[in-house]
């Protein structure tokens, strides 16, 4: 891992400012050629049903450890100058942020791939669970086979 | 193309505010689940040589047409809610923005893929040319085979 | 050892954590699920489809055949849906 | 027809645009490059490696064998390096 790489990982109830996180990763640096950001946002409907809110439960301790482990793996696999991962917990209403990944690199493909890798792993391996509030009750979101497939492509040799 | 999709394309000398562009694409909407942004930034060195600045020349008229054509192709290929492409021209110093692509979609993979597709095409098909200021003179940046390969993957069937 | 439950596994079990001392013939994560299922209907409901339930020992994902000897904390939860 | 030049093609030709009326036997983009190359050393230098030079007719990328009949604006430039 390079001395100049800045890794930030936060799990928090409060909202975050995507713009500020991107700026903090790249401001005043001339070695970064590419910054990719991914923001995951709470949608107001799923398959036509209205979603009132999401509640995100997590496993404190393990969530931090899992994210740090994947952040380290991303730093080893791609030449990154910096990396920020923020995941919210608690109640989140439609239009609000859920998750943010920002990657900075000299090269655009490294920045894109590291961001996709981290999102695929957050979806399938980080111990977070979403519960949806729908009309007439709530239900736990089911894991999607599609996300597992997306994550598996990073382990194919 | 869906009625709710917002497409913004700008070619300009002035800098842009990445944060503002991301916010404008997603603010107040509850149908967007994923926003991906790519910022291309001028680096201060290339292969160990100091770069004083870049000057970006473009072909007015054709540059707009080429970008619009690829924006339309992205809208057809992926379910996007919005798309912003900004490319600067003129003199750009290290640390400054060169290009921005922001994609918004219900689905993260659509947002990632559309952003990568657009960046690959901007690198290889949009009529822009970079000249570097180095110690002892300047030179036109040469096209890289690696970028052509990256662009070709989108035309493979 | 401390056992933790999350999401619908927690709701079905009816608690988020507890201290347990399983008998020595309960050697693996899978055997722990089976043993708990025999304790009460709540556990039986939580683990009714054992291959859906995920487990972690001391914050690391593990398979059902992983031994539990030496574990400080074992957690059971549904497939993750973060991000 | 209007001819435009960009980047190092423009620098070598020594101008960014001009109006030209090539003879009728100059039918394609490639033939136009060859004809220009015979006009002066500047053009010959710009087009010395013709397969490196890219061309567009009326804002659309074209190949060297594309006919120029009916073109309003033809542009010559190096491989693009934007983004």
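By written order: A, B, C and D. Residues from 1 in each chain.
FYI, contacts are C-beta pairs under 8 Å (C-beta built on N, C-alpha and C of every residue); 3 or more make two chains touch, one makes a residue touch a chain.
What you are looking at is a predicted structure, and each value in this text was computed from that prediction instead of being measured.
Path length between chain B and chain C in the touching-chain graph (shortest route): 2. Note on chain placement: the centre of chain B and the centre of chain D lie 27 Å apart, centres being C-alpha means. In terms of their C-alpha centroids, the spacing between chain C and chain D amounts to 72 Å. Between chain A and chain B the centroid-to-centroid distance comes to 22 Å (mean Cα coordinates, whole Å). For chain B, residues touching at least two other chains, in rising order: 40, 108, 119.
Chain contacts: chain C has residues 83 touching two or more partner chains.
Pairs of chains in mutual contact: A-B, A-C, B-D.
Residues 40, 56-59, 61-63, 65-66, 87, 98-99, 119, 122-131, 140-143, 147 of chain B are the ones touching chain D in the complex. For chain C in complex with chain A, the touching residues are 4, 6-8, 56, 59-61, 75, 77-83. Taken together, the chain B residues at the contact with chain A in this complex read 18-20, 22-23, 26, 28-45, 94-95, 106, 108-109, 111-112, 115-116, 119, 150.
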